[in-house]
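One structure, as structure tokens, below. Some questions next.
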Amino acid sequence: MSLEFLNAFKFMKKKTFVHNLDPRVKLLFSIIYTISAMLFVEIIPLLLIFLSLIPIVLYGKLFKQWIKSVRGLSILILFIILLNTLFISLSFAIAMILRIYIMVSAFSIFFLTVDPNDLALSLISMKLPYEFAFSFSLAFRFVPTIANEAQNILDAQQSRGYELQKKGLINQIKNLFPLLIPLIICSIKRAFNVAEALESRAFGCRKTRTFYYNIRYSIKDWIFTLYLFLFLAFIIFIRIQFNILPNFLMWSLPV
Amino acid sequence: MTRLRNASRVRVYKEEQDGRKNETGSGKTTLIRCMNGLIPQFYTGYYKGKVELWNGRNTVETPIADLSTEIGIVFQNPENQLIAMNVEHEIAFGLENLGIPIKEISKRIKESVSLTEIEHILDKAPFELSGGEQQRVAIASILVLEPKILILDEPTALLDPYMAKKIINLLNEIKNEKNITIIISEHRLDLLLPYTQEIILMKCGSVIEHGNCEKVINGKNFQTLSLNKPVIYSIFNILKNENLYYKNIPASIPEAVRSLK
Amino acid sequence: MTSEIPIIMMRDIDYIYPNGTEALKKINLNISKGELVGIMGKNGAGKTSLIRTLNGLIKPTQGNIYIENENISSKSIANLSEKVGIIFQNPFHQLFANSVEDEIKFSLKSISLDKEKIQIRTDHILNQFDLEKYRTRSPLNLSGGESKKLAIASIICRDPDIIVFDEPTLGQDAKEIEFFINLIKNERKRSKTIIIITHNIEFAYEYLPRTILMADGQIIADGPTKEVLNNEFLISNTSLVLPQIQQFYFALLEQGFQEVVDKMSKTEMINYLRNILKKRYSKI
């Protein structure tokens, strides 16, 4: 999987309907779609669920980034098709692939449209202890910093003749040390610096903390939540009544 | 940071700007962390002595969080001090932790922002800022706690010369407007000396001299320590040693010119 | 002393980052063998991007770079790093080995030398940099100044013809800076070409004969340091300040000291003041 794949999960600030939804709704969205995907092994229902994601991708203007997740999975997909076809059936393989696409896409949409800051706030409103929510957003905040540092480390080592490609598995692992050790050391140093700064700004000082920002569920969020629950109910209904429904839903490849 | 020296009793004065200079590895960083309680509360180890504040509190018994309203520290690398996703939230952070009501937070943010002149970047993320802007945000986010003492650990290290000068000017303005004591650990003496009133010299973990700026600069310790002395200092020091110049070695250029007239 | 063809030639170099930022715009540059050149400018002006093109870390989107009269566009980083050694700002971005000795040996690994020669070079370098006493110590246990020395040693041991420093005086005290100055003097004696990115104006004014000023990805000045660092317009566009001596010069001029000369070195200024003070006392 290339680094391109990671771009499918990177938050970007935009002003769309999807971006403006509360993060909790979007988390619910990802979870419900995942559950829906897990309920079926037949191609057609999965395909329909997958297609129902597309309007949301378009609404959120996320197409370019979302496609990257599709591309990034391609190697894994090939692998799955191969194994599943050999051991079970091509039909099943395709169904599994659709499942994966649904789950990855649902969470990709989540990460692409949720501001890490808002996420931390929504976790807090769900009564998660402040320290946890805070560590969460702190991790997000430092991802670009650490990525930058990794690049600098690579540059520094390459300037001494270090080369990335090596033959053999053991060599490849040994070859990572010149990158990993400086990265870990710098991260630990950074952690101490951040901790000092936090302590010096009274972190964890009082039991009751003021929250300068907060987020609230709006009507749009309630409507969307309702829609999600109806969607789930519908899916479950289909699942239970599956045998009574038209045959075409159970269509599978003759392989 | 794991080895501590004897911390002598340090009394803190009001309304001065201290410059702390020394050779690298002399204990500046450690001493700074003693001042707000990071040592011994955050970094444990062998610690002797006491750091007392003018109001009777000390750094062993009073929790660091409570001391943060009296003593604020701005560290060297601004990036590692900015933890929020935007500048406004960054400044509000310390006050949030102290449980200060929202109205008061808004008011203090406004003051702090206007003093550090960062109105135009309030909604930006930390990595979108230049080094100078980051350092200002860091200073603003400590000022907002309204400490009586502001300590800065090599604040201009990662800045280009013009930005460094601006930050030091800013600190001088803050000192004047808010009447707070500022203690700076610095290598860039040429920028800092013109504003310095007191100097603490350190070597190998001990304070070897602490006094009035003029007195310290003209003393033997300053001469022999491996400091990055300003060019003006070197010039006048040589002239003094040749017995051609009898007055005090100037700390700034205007002073230098005056002393020659 | 300088050979005919410049050791580094850059022609119309452009570089645009993948995210669209233009880091370098139409860079044209010649550096002759054995020169000592400073590069200065605001943070973000393109200084680090510029040096990264020299050893292949960055491949220009336009233009050509010639090192020792060979176009480097097809060369690998490993290949170029034998000729061009870059020492970056933060030593902790590269230190990782079990001992200081191993750290040096790691740098020598990619140069084809036999074991004996590697050992000889390692011993020599540890001696030269006064790091012998730390031979078996972990490089992560060194002080800031010592680790910077080690970082420099680990590039110098490869004996590149072109040595590039990114902010070598940052966080260094006077003694350490003195060591650095002696180091570059020695390397120049061995005909090495040295390029230094720095913010340290006093250092540049005193020790670097030539300075290149950058702003917004372009070279806006390139010439003798004393000329370049005295131009008010250039200074204000590159986030620099006038060197103290120059500030002093202007202040003296303003206050009526007529015979003060522009662009003096420290020694010249001292001599000038010496004369003034001697005259004054001889009048008494």
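We just call them A, B and C in the order they show up, numbering each chain from 1.
Keep in mind that, in the parts below, a residue touches a chain if its C-beta (ideal position, glycine included) is under 8 Å from a C-beta of that chain, and two chains touch if they have at least 3 such contacts.
Worth saying up front: this structure is predicted, and the values here are computed from it rather than measured.
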Quiz item: Looking at which chains touch, is this a line, ring, star, complete or other?
Solution: complete
Quiz item: If you tally the C-beta contacts, which comes out ahead, B-C or A-C?
Solution: B-C
Quiz prompt | Whole-Å separation of chain centres (CA-atom averages), chain A against chain C | solution = 44
Quiz prompt | Distance from chain C to chain B - Cα centre to Cα centre, in angstrom | solution = 29
Quiz item: In the complex formed with chain A, which residues of chain B make contact?
Solution: 33, 36, 38, 41-42, 63-66, 68-69, 72-73, 75, 77, 79-81, 83-86, 89, 92-102, 105, 126-127, 141-142, 145
Quiz item: Can you list the residues on chain B that touch chain C in the complex?
Solution: 23-25, 130-131, 154, 157-163, 165, 187, 190, 226-232, 234-235, 238-239, 242, 244-245, 253-254, 256-257, 260-261
Quiz item: What residues on chain A touch chain B, complex-wise?
Solution: 115-117, 137-138, 140-141, 144-145, 190, 193-206, 208-213
Practice problem: Going by the contact rule at the top, pick out the chain C residues touching chain B in the complex. | Solution: 42-44, 143-145, 170-177, 199, 201-202, 236, 239-241, 243-245, 247-248, 251-252, 255, 257, 266, 269-270, 273-274, 276-278, 281
Quiz item: In the complex of these two chains, what residues of chain C are touching chain A?
Solution: 52, 55, 57, 77-78, 81-82, 85-88, 90, 92-96, 106-107, 109-111, 140, 154-155, 158
